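Given below, in the form of structure tokens, are the structures.
Next come two complexes built around subunit A: one with subunit B, the other with subunit C.
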Partner chain A sequence: MATDGLHENETLASLKSEAESLKGKLEEERAKLHDVELHQVAERVEALGQFVMKTRRTLKGHGNKVLCMDWCKDKRRIVSSSQDGKVIVWDSFTTNKILTASGDGTCALWDVESGQLLQSFHGHGADVLCLDLAPSETGNTFVSGGCDKKAMVWDMRSGQCIQAFETHESDINSVRYYPSGDAFASGSDDATCRLYDLRADREVAIYSKESIIFGASSVDFSLSGRLLFAGYNDYTINVWDVLKGSRVSILFGHENRVSTLRVSPDGTAFCSGSWDHTLRVWA
Partner chain B sequence: MAQDLSEKELLKMEVEQLKKEVKNPRAPISKTGKEIKDYVEAEAGNDPLLKGIPEDKNPFKEKGGCVIS
Partner chain C sequence: MSGKVTTGSDIGQARRAVEQLRMEAGIDRVKVSKAAADLLQFCTEQAKSDPFLVGIPAATNPFKEKKPCAIL
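Our next item is the complex of A and B:
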């Protein structure tokens, strides 16, 4: 019926305009808290000294691009996976729940023993590329990043999205909680990394330089949260001063894109994996 | 799945979610930024990648050679 169609369009239009006006209100509320920049708060913090770090180990063994890796929590060992189909080394650490992010735009929480879906998380408008669990002290939340340029913070028990941030200009490839759990960092194809403060409910820092034009694939913090390590598609790793917003160092060594990066659990080193089929341990 | 919902249903969900988010408690950066800074300053002493480890304690250092003269 022509009249029904007209009514339908009016409702859609009014919903759209309500959504737009709410987004505007959200931006307004967040802007009110932007009373100072993070680096200004950190003005009196002692500047970092010279940064010396080099490759200590090169692990050769994968036959193709290294896609991701992590450190084992209780031992100094590393698990890595590659496009060659192998997971090298081992996972000596078992958990009974696993959180996954999918190209179907959702995240899911599974019980490993029964294979049951415990909770699903809907809200991203496109593939979810990455996720990270909050440090245990801060409770049951996790953050996810996607191809819709959004980073979303979720309550694991209710399945609800608590906060969402849409300031990146392209896919978010990596998200990582700040050690205290009050913030998280992201790395994106827009060649920037950003810091989002969960209690200020906004982005508080952008780590970028005009000379950096390739996407950041993977980010992680040093133990104190002062340093942010980020691996890029231009084969480099940039080390950022989280508080002051400046780059502390640039690390060369990989011969292809850096695809994954993780600081060891005791904070003495970090490991990077690359499409050049190697992993490097830096200390 | 999101694909199964009509545009109107999706928009309604978005509006409901945004209404919730607008009400989230939030604090100014002068306060929260300071807390981040305080955390860093408190933990900096324990951050090996920040202050460096003497080569003799570094588990990743290259093993040296041996010279007998």
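Our next item is the complex of A and C:
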């Protein structure tokens, strides 16, 4: 009976139980350093003032759901797109490569000119819905989120998963690095957004309210990382104080799900796209 | 007698999962108090250059309406 190198005393059952006990150990190790909550440390920070933001532009013209958008580097134009099965990110330094996430549960790095697959990333247990590249100063990593409720951080060169986080209770629709690169935020169908610190290797904040029961589809940070803008399936946008964990503003205007959201490169505004066929610029 | 046939790939997969978890469990971590303090520091340092926190005068903000009147 050919088994791929079964070592002595090793069975499928024993490997599975070792995996389970390692998961427990991982939780224990993380818990040991959980000496305080982020919002407690943030008590000494000045509270934010009132925010006045409203729709400054409404861009009509799409004939169908807006799913994905981004700002151009010239800071004035907005690019939006409609239906696609994949999430695509351009690496800003070597624009010959594309990083993609797929419904087949993997991510892939491609060379555009040759069409060659340079690296593939396996580890998600279900469709990968989103990804974000680390800010260039922090090296060659990216974070992905999937239908398996996991957020995973990857080394682009080795293809290896460096860290994995499984605290959400449903699909993760959006992930975005904190501007310093030391943390990332996620938005999920479990109606919460969460902040994960990469050096503490754990979730450090949850942004939620009992009154928010619809999934968060898209998240982005303001330039300093103090604010987290999140678009939801209940047509609203919530603005969160990242440090204190509280909501500072709720924005109405869209007439259907908010599907995508991005802060402009100079941080003066953000744009939201919706199933109501419009994009709104908020400032 | 039924029993699940243990294929080579099941074992391989399970072994890889254990290796990955062992690696993740062993990484260096810092305390939340330290990590949080660093997040705070970054926010505070960057706050002055965050237009959403500081605000920019309506005159230079391309998204705000220009007032129709001018002072002569």
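Quick notes on this structure:
Here is the rule we go by: the second predicted complex is superposed on the first by the 259 of 283 C-alpha atoms of A that agree within 3 Å, B and C clash if a C-alpha of one lies under 4 Å from a C-alpha of the other, contacts with A are read in each partner's own complex, and residues count from 1 in each chain.
Convention: contacts are C-beta pairs under 8 Å (C-beta built on N, C-alpha and C of every residue); 3 or more make two chains touch, one makes a residue touch a chain.
Because the structure is a prediction, the values reported are computed rather than measured.
By the touch criterion stated above, A:26 is placed in contact with subunit B and with subunit C alike. By the touch criterion defined above, A:175 lies against neither subunit B nor subunit C after alignment on the C-alpha atoms of chain A. By the touch criterion stated above, A:105 is placed in contact with subunit B alone, subunit C being left untouched. Note: residues 11-12, 15-16, 18-19, 22-23, 25-26, 29-30, 33-38, 41-42, 45, 48, 56-57, 76, 123, 161-164, 178-180, 182-183, 197, 199-202, 204, 222-227, 242-243, 266-269, 281, 283 of subunit A belong to the subunit B contact set and to the subunit C contact set alike, using the contact criterion stated above.
Interface residues of subunit A facing subunit C in the complex, by the touch rule stated above, are 2-6, 10-12, 15-16, 18-19, 22-23, 25-26, 29-30, 33-38, 41-42, 45, 48, 51, 56-57, 76, 123, 161-164, 178-180, 182-183, 197, 199-202, 204, 222-227, 242-243, 266-269, 281, 283.
Residues 8, 11-12, 15-16, 18-19, 22-23, 25-26, 29-30, 32-38, 41-42, 45, 48, 52-53, 56-57, 76, 104-106, 122-123, 125, 161-164, 178-180, 182-183, 197, 199-202, 204, 222-227, 242-243, 263, 266-270, 281, 283 of subunit A are the ones touching subunit B in the complex.
Those residues of subunit C that touch subunit A in the complex are listed here as 4, 6-12, 14-15, 17-18, 20-22, 24-25, 27, 29-40, 42-47, 49-53, 56, 61-65. For subunit B in complex with subunit A, the touching residues are 1-2, 7-8, 11-12, 14-15, 17-19, 21-22, 24, 26-37, 39-44, 46-50, 52-53, 58-62.
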